[in-house]
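Letters A, B, C and D name the chains as they come in the text, with residue numbers starting at 1 for each one.
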Amino acid sequence: MTLLAVERIKLFSTRSPWWCVVVAVGLTVGFTALMSGFANEQGTVTVGFTQFSYQFGLMVLMVMAVLAVTTEYRFGTIRTTFQTAPNRAAVLTAKALLVAVLAGVVALAAAFLSFWVSDLLATNSDLSLSGADAWRNVAGTGLVAFLAAVLSVAVGILLRQSAAAVTVVLVWPLLVEGLVSLIPRIGQDIQSWMPFVAAHHFLFGGQPDSAEAAMMMGMSDVPYGPWAGIAYFGAISVGLFVVAVITASRRDA
Amino acid sequence: MIEARGLTRRYGNKVAVDDLSFSVRPGRVTGFLGPNGAGKSTTMRMILGLDRPTSGTVRVNGQAYHELDQPLRRIGALLDAKWVHPNRSARAHLRWLARTNRLPDRRVDEVLEAVGLAAVANRPAGGFSLGMSQRLGIATALLGDPEILMFDEPVNGLDPEGIRWIRGFMRDLAAQGRTVFVSSHLLSEMAQTAEDLVVIGRGKLISQCTTAEFIDNASESLVRVRTPQAEELRAALARADAEVRVEVETGALLVSGVTTQLVGEVAAAGGVVLHELAVERASLEQAFMRLTDDAVEYQTTALPAPELVTAGR
Amino acid sequence: MIEVEHLTKRYGRTVAVDDLSFSVRPGRVTGFLGPNGAGKSTTMRMILGLDRPTSGTVRIDGKPYRELDRPLTRVGALLDAKWVHPNRSARAHLRWMARTNRLPNRRVDEVLETVGLSGVADRRAGGFSLGMSQRLGIAAALLGDPEILMFDEPVNGLDPEGILWIRQIMQRLASEGRTVLVSSHLLSEMAQTAEELVVIGRGKLIRQCGTAQFVDEASGATIRVRTPQVERLRGALHQEGIEVRDEVVDELPTLVVAGTSSERVGEIAAAQGVVLHELSVQRGSLEQAFLQLTNEAVEYHAHDGATTGNEGTDR
Amino acid sequence: MSAVNLISAESIKLFSTRSPWWCNLLAMVLPVGFATAAVLSWPTDVPISVTEVQMGYQFGMMLVLVMAALAVTTEYRFGTMRTTFQAVPGRSSALLAKTALVAGVAGLVGLVAALGSLGVASVLHPVSDLGLGTADELRAVLGVAPVFVFSAVIAVAVGLLVRQSAGALALLLVWPMLVEPLVSVIPTVGEHIQQWMPFVAADHFLRGERSMIADPVLSPAMALAYFAAVSVGLLAVALVVARRRDA
């Protein structure tokens, strides 16, 4: 508990996390509002439609999670941290947990705000949060952001360097996973096993507009169900985090 | 020659440098002193055209910095030794700098040799200790073989051998007729190196004079006497109109306004045995403390008043 | 009490610390000296469990650092004053540190007060001068009110007032019975602060002893005498079997006496009715002693023709 | 101080640290690797087009953006920008030299990546008649160079404005990879707005009718001109800001 409180003080006593939170929510909700406003006439706004822009928030939150670690290395405070609490695994777990919870909560807030804003703007559409699929789509963004933050913290610990870590966490989901599908024949099979594709499938799989959502990621059908998708994504995040913690415990600070 | 005239710099409503005028002459080492936050670094940055003065001017050999063609050949400076890319080798760092001012690559090897980094020139600068970085910074300043050299806390991070080296080095540069302008907080060091001083506090000039004048103006010099016959000597000195105090911890007499000769004569005349008879010169530290007393920005609290400190002992 | 036993650290083929053993005792300021690259910082980092020793151990009151519960209450350290997030305020920096070791927030205000940063506690640390950062680092070291304090170059970047202040605070902490280990390159400062010295070079222990002993061993004290009756005094000293040298100091003829005390010279002079114009003790400086002892341990020699002999004795 | 000296100084700077080497190497290798993967999994008897071979240029572009932004932001981070301005008090000339160098390197990297992709594909897939015969093919291959050049200019400008690695990179990566593609999802106006997005315009220049714009207003050549204008405009703003600021 102490370590969590410490990480909370650390995180919120610098400006960049605040900025990230504001930008994450603002971008996600703003873009949804823009889309819903224009889509109102056609009356085609669905629950999935209100969540398309979750990636904006997700990317910003991943950057925040990376920076929570890499700035500690950059400014040397990681040494002070390990000096005050020599159990590195505990410290890093507390940090990952805190950042992940924050990311989850912010993503959740952005998701519900997006839904609510769409509901206000898209008067011609009949929007309602009913059914397991719709709930999974909206509330699930929190879970995805939580796990994505754990993954980002792990990347940050391993690379220790802001520029490299930010590049990796952005280029991977945005470009690599999308472009992979363009490889003829095998591309789409590889793509189904890409972690962010699995997370995306968890959010949109099995919904009326899942086809459009899938197209957005440039992805095709995946051979597993939504919950298996999130389990797979979680396993990769946590696995990478474990590797990162072991590395950090062995390394000189 | 560096000349500042009415130099002023404001950040918002805080005045970092306030109508500052001074000049730094060639052929001698000039120390630039002031408490933290007095505006020394800001002034040095304005000399190099890195920060803009709010008003006033500063000239290097009669020209503003941005008017200098190939400025590294006119003025070399070390402001922060850590301003080097950590993955770049010392040699590459100097080579790109040399290139900007059309200096031959040969010069890079010369200055590396001069500061004793030739053997590690191809290692990344990020692995350097602060002392080695400091030497690289000095090499940077020397690169253009300039007439004017400016160092901000050059002794920072150097080890004792390095400290002694740079002390001799700066004196040599001045002896060659160059202008050497050095800021430092280490007053015992400055007392040994600088002939002239520019002292500022809260952005304003406190004093510009020679080091000797500065110390003499700020404090009296004392004669320190130890003797088993303290009372007799005290009485004899009182008759000679000398002012005598007793140092509490040691029982030594501190006599002001007289020479050691006079005290020696008085003692001999009275048959007093002496155990010590020496001049106790005030240190630059004491003089500095006295003159900058109210210019210190972050005054620390809750500690006993400084006892009489003697430098160099 | 810090105990270092057979401590060794290798980075690839270079040996940074080589079978180093020493202990630091409470109640006094111990200076930790060595040329650049001697392994001082590496040793300090291993004491704090930041770097792993290749072999050997460090114990704090009998335990390795990583096993200490609430380590800040046992050891306070300032290794690098710039290890602060530039956008975080001084107070927030200390608050998170306090929280890790369950220290009350009140303590944060206390140490801010002690180092004189109360007025700027809520400003971002990135805007601090090196001197202010140094004070913040010292506040962080004092936070847990620890028995053991360790400072790496604490005077770095401090202004003269700050230098004076840190000299006093270290002496005060030692007089309270704490263990204080301080590394510094500023020997004139160390000579005034440290009672005990641990001197290392190339990762090996060169000497551990008292400061006065260290200086006197390397260069004995001499006595400088000036008198209008030079020949008489010289004769008197000769009779007592005391060695005398003639020198010119500040353009005045001077006798330099070795191997006795100034008291004895004064008494001989008084017995002969010799008038004295000066009778002063000239101690060797710590700088001289240090450079003499560590000469071969210095790694990066600068080329210079200009260094002169006895600068250390200048007053 | 001549431009030659300044560019030569900047080239020492750029090539004496590791990250530009890595970025440039990856910027060349990844597109070629992508072309290789694409060709190897393509049916051996069906011809593949030049445009499809060049699809991986985006990998290279991202790394060029990273390389160019870091060339500026690391100078701020490590304080060498001050040393630069001390050596060259005319700040614009120093920064223009840097831009020219970084952009030139980016162009070369683009050329190597594009020709490399083409070469690998024609060796591995002899059935396809891969060449530079038509104007479209020429644009798709040689066009990568100017696209990389102006991408680098944009990145330098953003680096100068933001001065901070993480911020600049997040902006430079999220913009072309997420913002620009997602804009089209906005109903009614999305597709119209999208073609005025700079990186979409660059893509249109390279891929012509295969780009994501359904109903283009600009011709491919005009799209490149538009992309160039945006990059130069941004750079001009950045230079003015850098001159006014304290170093």
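Assume a residue touches a chain if its C-beta (ideal position, glycine included) is under 8 Å from a C-beta of that chain, and two chains touch if they have at least 3 such contacts.
In this text the structure is predicted, and so the values were computed from the model without any measurement.
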| item | value |
| --- | --- |
| Two chains sharing the most C-beta contacts | B-C |
| Rounded Å distance between subunit C and subunit D, as computed from the means of their C-alpha atoms | 55 |
| Subunit A and subunit C, separation of their C-alpha mean positions in angstrom | 51 |
| Listing of all chain pairs that touch each other, if any do | A-C, A-D, B-C, B-D |
| Residues of subunit A touching subunit D in the complex | 31, 34-35, 38-39, 41-42, 44, 52-53, 55-56, 59-60, 63, 66-67, 70, 162-163, 166-167, 170-171, 174-176, 179, 182-187, 216 |
| Partner subunit D, residues of subunit B touching it in the complex | 45, 48-52, 65-66, 68-72, 77, 79-80, 82-89, 92-93, 95-97, 99-102, 140 |
| For the subunit B and subunit C complex, residues of the former touching the latter | 34-37, 41, 113-117, 119-120, 129, 131-132, 135, 153, 156-165, 167-169, 171-172, 185-189, 192, 227, 260-261, 264-265, 267-268, 271-279, 281, 285, 288-289, 292, 296, 298-304, 306, 309, 311-313 |
| In the complex with subunit A, residue positions of subunit C that touch it | 45, 48-52, 65-68, 71-72, 77, 79-80, 82-89, 92-93, 95-97, 99-102, 140 |
| For the subunit A and subunit C complex, residues of the former touching the latter | 2-3, 5-7, 9-10, 13-16, 71-72, 75-77, 79-87, 252-253 |
